[in-house]
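Quick heads-up: structures coming right below.
Two complexes, one shared chain (subunit A), two partners (subunit B, subunit C).
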Partner chain A sequence: MRDFISKIAFLLVVAIVWELIRLTGRYPELLFPGIGSIARTFWMERADLLDKTLFSLRIIGIGLLMAISLAMLATIISMSGKVFAEIVSNLMAIMHPLPGIAILPVAILWFGIGVRAILFVIVFSALWPLINHFYTGFRSIPVNQLEVGKNLGLVGWELALKVMLPASFPYILSGLRTGWARAWQASVAAELVFGAAGGQGGLGWHLYKKRFMMETPGVFAGMLIIVLIGIAVEYLIFAGIENRTVRKWKTIIN
Partner chain B sequence: MFCIKKQKVVAVLVVALVIALILSGCGQKNVKEPQAMASTNEELMTIRVAKQFGLVYAPLMVAEKIDFFSKYGLKVEWVTLGSGGAVREAMASDELDAAFMGIPPYLIGWDKGLPAKIAAGYCVIPVSLVTYDDNINKLEDIKPEHKIAVPSPGSIQHILLSMALEKQLGNPNALDDNLVALPHPDGAQAMLAKKDIVAHFTTPPYLFEELEQPGYKVILDGFDAFGQDFNFNVALVTENYHDNNPKGYAAFVQGLNEAMNWVNENKEKTAELLAPEFNIEKEKLLKYLTAEGVNFTTAPYGLMGFADFMKKAGYISKVPESLSDIAWENILAQVGKREGGPCILENIQWSK
Partner chain C sequence: MNNLLTVSNITKVYESGKRKVVGIQDISFCVEEGEFVSVIGPSGCGKSTLLRCIAGFEKINSGDICLDGHKVRRPEPSRFMVFQGLDQLFPWLTLKENIIFAMKAVDKSQGSFEKKADYYLELVGLEGFGNFYGYQLSGGMKQRAAIARALSVRPKLLLMDEPFGSLDAFTRRAIHQMLLNVWQKTGVTIIFVTHDMEEAIDLSDKILVFAKGRLKGLIENPLPRPRERDATAYRSFLLKLSSFLEEETTGFLDSEALSAVEAKLAF
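Up next is the complex of A and B:
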């Protein structure tokens, strides 16, 4: 929470510096809109922004869930045999460095213009870091912890849930953080590059439209909400999960 | 201890931000200086112009190959930018002196304070909404599931469609949820593959290529939507360049006139020169250059006609009170101001 407040304080400092620079009158309003007009735009367009935000969050949520399921599947498969592990790690070596947005042209060819192409880019962007973290997490479970669990009579799902999951959870959590960040970036970037189909669109499409209408305060308002959601998710959701899991279990030092 | 560190980090970041902004400000100033020097030293003046791709840009492409400007003492630096949006942004941040864009995108910029005015009209060329769907013959037939491609929100194609929708259906936003923003080449590709979109609001050569296919037809003609001819693009020159480099400005306008005239008088040579650039056969390009409705001209057409509609539909917040708000003096002089009622040239600046 303390960290959360310091982030907000930092944003306030940036806002003040911003306003001071604007007051020098060096830059035209078109390039450097004031905080006041950004806030006004934000307020005036709140319904539209909420709409676009919900759309973005929904599509990112779906994409992230798909990516997590796929990543879990890939991890389980690669844990169950050396050959599979080899295949997955080779695949990852090829795909992981590829930015999600780079496959947008292919996504459009395969899935057409619309939500499905963006979803594909999101899943692709989030999948590889997720597998990477999950796999590393499961591989680095201390052997003695597993042995202790087995000695206590835990087998199968019980062993996985009570020993393996807590032991690898720090990795899983940081995988989720990276996956979320990549999914978020991918959704905004994809919509910024090729727009959106019809009335359906998220915050990337909002930025795209505002840019073409030369409504610079609107562009900044869209960026502001992206930043705010990023901070909120990090400090309200991920920090919450962290406090209830790995910190409680003391698998990581504070 | 922890707390102090945090504050330090914040302080360092703020200082870094301030320095970065100051530096970027300095950088901008440096860009302007060489120009000012050039005009005082009577050396070759320069002008930075955005170039784009498309049949309508043929005169510019010719001008890049055959130099029409240096005899007036002007050197043109051609700058390639990704999209119309980027062109406008580059003008606003003074990285471009001149650019070509549709009247509606310019009016959106003008409304937001873009410091540039029209220095020349730029061509009159067909712009039409094409479909391959047998069941669609007019705008009314378009259903919610039908997607229509336009180059971008606020583009001349988007505004023309809205104007037609207002005339025919009474609601300029009736098809807003059907619109897809696609660059012309991508839109044409999707149309020819009959994939994703059923209609495309486009310009030559893409318009001609689509209409050459069997079953592809025009359901809305841009001239009908507007009521008469209009400039597809206008040449814009920034206030900064116009005020500080009057000779450069005059040279640019005159060079542009010559390039335009050269294309009109040498269409075969133009086709020969540009066929490799467009990657099509010379004969086909010549056919496009000489197609009905194509008019390579720098005369102003329909400059004021979009503004009233755009304000009513909410795309801009104010309309130009007179032509002098959006055009430089050479355009104003061409159009003139007839006492006792507008003349022909004044009339054709409006929509019908």
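Up next is the complex of A and C:
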């Protein structure tokens, strides 16, 4: 919570510096709107922003869940034999360096312009870092703990879920953080490139529209909500999970 | 007494690339029910390899290991291992939860696990520590907890791989006494790997001496319990054991041990 407050305080300092720069009057209001007009826009368009935010969160949530399930599956499969491990690591070598947004042209060709294409990009963007973290985590388990699990007669899925998953939780958690960030980036980037189909869109679409209309305060209001959600998710969700798990177990330092 | 474990002519070879390193070679011996057997020898002599083969963690290249007439093929709760490392408790569970986890994994029925877990904690002298996590415990307490968890699955054979190797001498004395009490109370059969001769004499009925991957001798411990380290009979038996070990391990260079260990790591 103290961390959360310090982040808010930091944002306030940024706002003050921003205002001071604006007060010098060297930049036109159209490109460098004041905090006041950004806040006003934020408040006036709150219904629209909420709508777009919920749309984004829903699609990111679905995409992330799909990516997490696929990553878990791929990791467990790759742990179950040398051949599978090689297939997954080869796939990783090819796919991981490819920016998620670079897959968008293919996604549009396959799925058309719409939610499904965005979803595809989100899953693709989050999947590889997730597999990378999960796989590293599963291979970093203390050997003794793994062997105790085996000694108890646990094999396959049971061993993976009851022993390997909690034993590698520090890695799982950092994987989830990266996956979440990648999913956000992908959803905004994809909508920025082609907007949205049928007027249905998320925050990327919001930024796209506001930029198109030259409504600069609206652009900043959209960015502001993305930043706020990022902070909220980190400090209310991830930190919460961390405090109840790896911090409580002292499997990470601090 | 019934014969519990029969090890006949087992050999374990580690391969790393083109190199083959013999872990243990042509080992045969028997362990009777309720016995406390120590395995002693210098580092890299294959004593841990032997224990890991009996546990079923390593596949043997030839020979047979039978527990109660059943051939050992894979790890099973009936042969339960306690390791040297202080990280064998599951850190995401409390002590009690660790024990309940083990009992539930082995016994799928809905029993009174809570009460049984308390019993095993008390058995190793950890009553009142059930709600502690591993990081809150000292090394000795962690090993006690690991023993409690191992006993909770009611193994026929308790395999201990230098379980007190990371503990200081004071903690060790107390934990030895606890282990002997537990052994007498539960009647469990124990194979205990160590490189500490006094530890082997204090604890066991029989001592298997290992060197260079081979079983060099099986020595019956003639001393009555409880064993006092300053008794004359104790000193002379220790002398006998150490001279036997020295004789059998002469020419056993550290570099051989090192290459064996390297091969295992590479493997």
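One rule holds for everything that comes next: the second predicted complex is superposed on the first by the 239 of 254 C-alpha atoms of A that agree within 3 Å, B and C clash if a C-alpha of one lies under 4 Å from a C-alpha of the other, contacts with A are read in each partner's own complex, and residues count from 1 in each chain.
Basically, contacts are C-beta pairs under 8 Å (C-beta built on N, C-alpha and C of every residue); 3 or more make two chains touch, one makes a residue touch a chain.
Keep in mind that this is a model prediction, so the values were computed, not measured.
By the touch criterion defined above, A:43 lies against neither subunit B nor subunit C after alignment on the C-alpha atoms of chain A. Considering which of subunit B and subunit C touches more of subunit A, the answer is B. In the superposition on chain A, contact is made by A:152 with subunit C only, not with subunit B.
By the touch criterion defined above, A:110 lies against neither subunit B nor subunit C after alignment on the C-alpha atoms of chain A.
Residue contacts after overlaying the shared chain place A:10 against subunit B, while subunit C stays out of touching range. Looking at the shared chain after the overlay, A:29 reaches subunit B, while subunit C stays out of its contact range. In the superposition on chain A, A:209 makes contact with subunit B only, while subunit C stays out of contact range. Contact with subunit B, but none with subunit C, is seen for A:21 once the two complexes are overlaid on the shared chain. In the three-chain superposition model, subunit A touches subunit B and subunit C at no common residue. Contacts from subunit C toward subunit A in the complex involve residues 55, 57, 75-77, 79-81, 83, 85, 87-88, 90-92, 101-102, 105-106, 133-135, 149, 153.
The touching residues of subunit A, counted against subunit C in their complex, run 142, 144-145, 147-148, 150-154, 162-163, 166-167, 169, 245, 248-251. By the touch rule above, subunit B contacts subunit A in their complex via residues 6, 10, 13-14, 17-18, 21, 25, 84-85, 88-89, 92-93, 105, 108-109, 111-115, 147, 152-155, 176-182, 186, 190, 195-197, 315. Per the touch definition, subunit A reaches subunit B in the complex via residues 6, 9-10, 13-14, 17, 21, 26-31, 112-114, 194-199, 208-209, 211-216.
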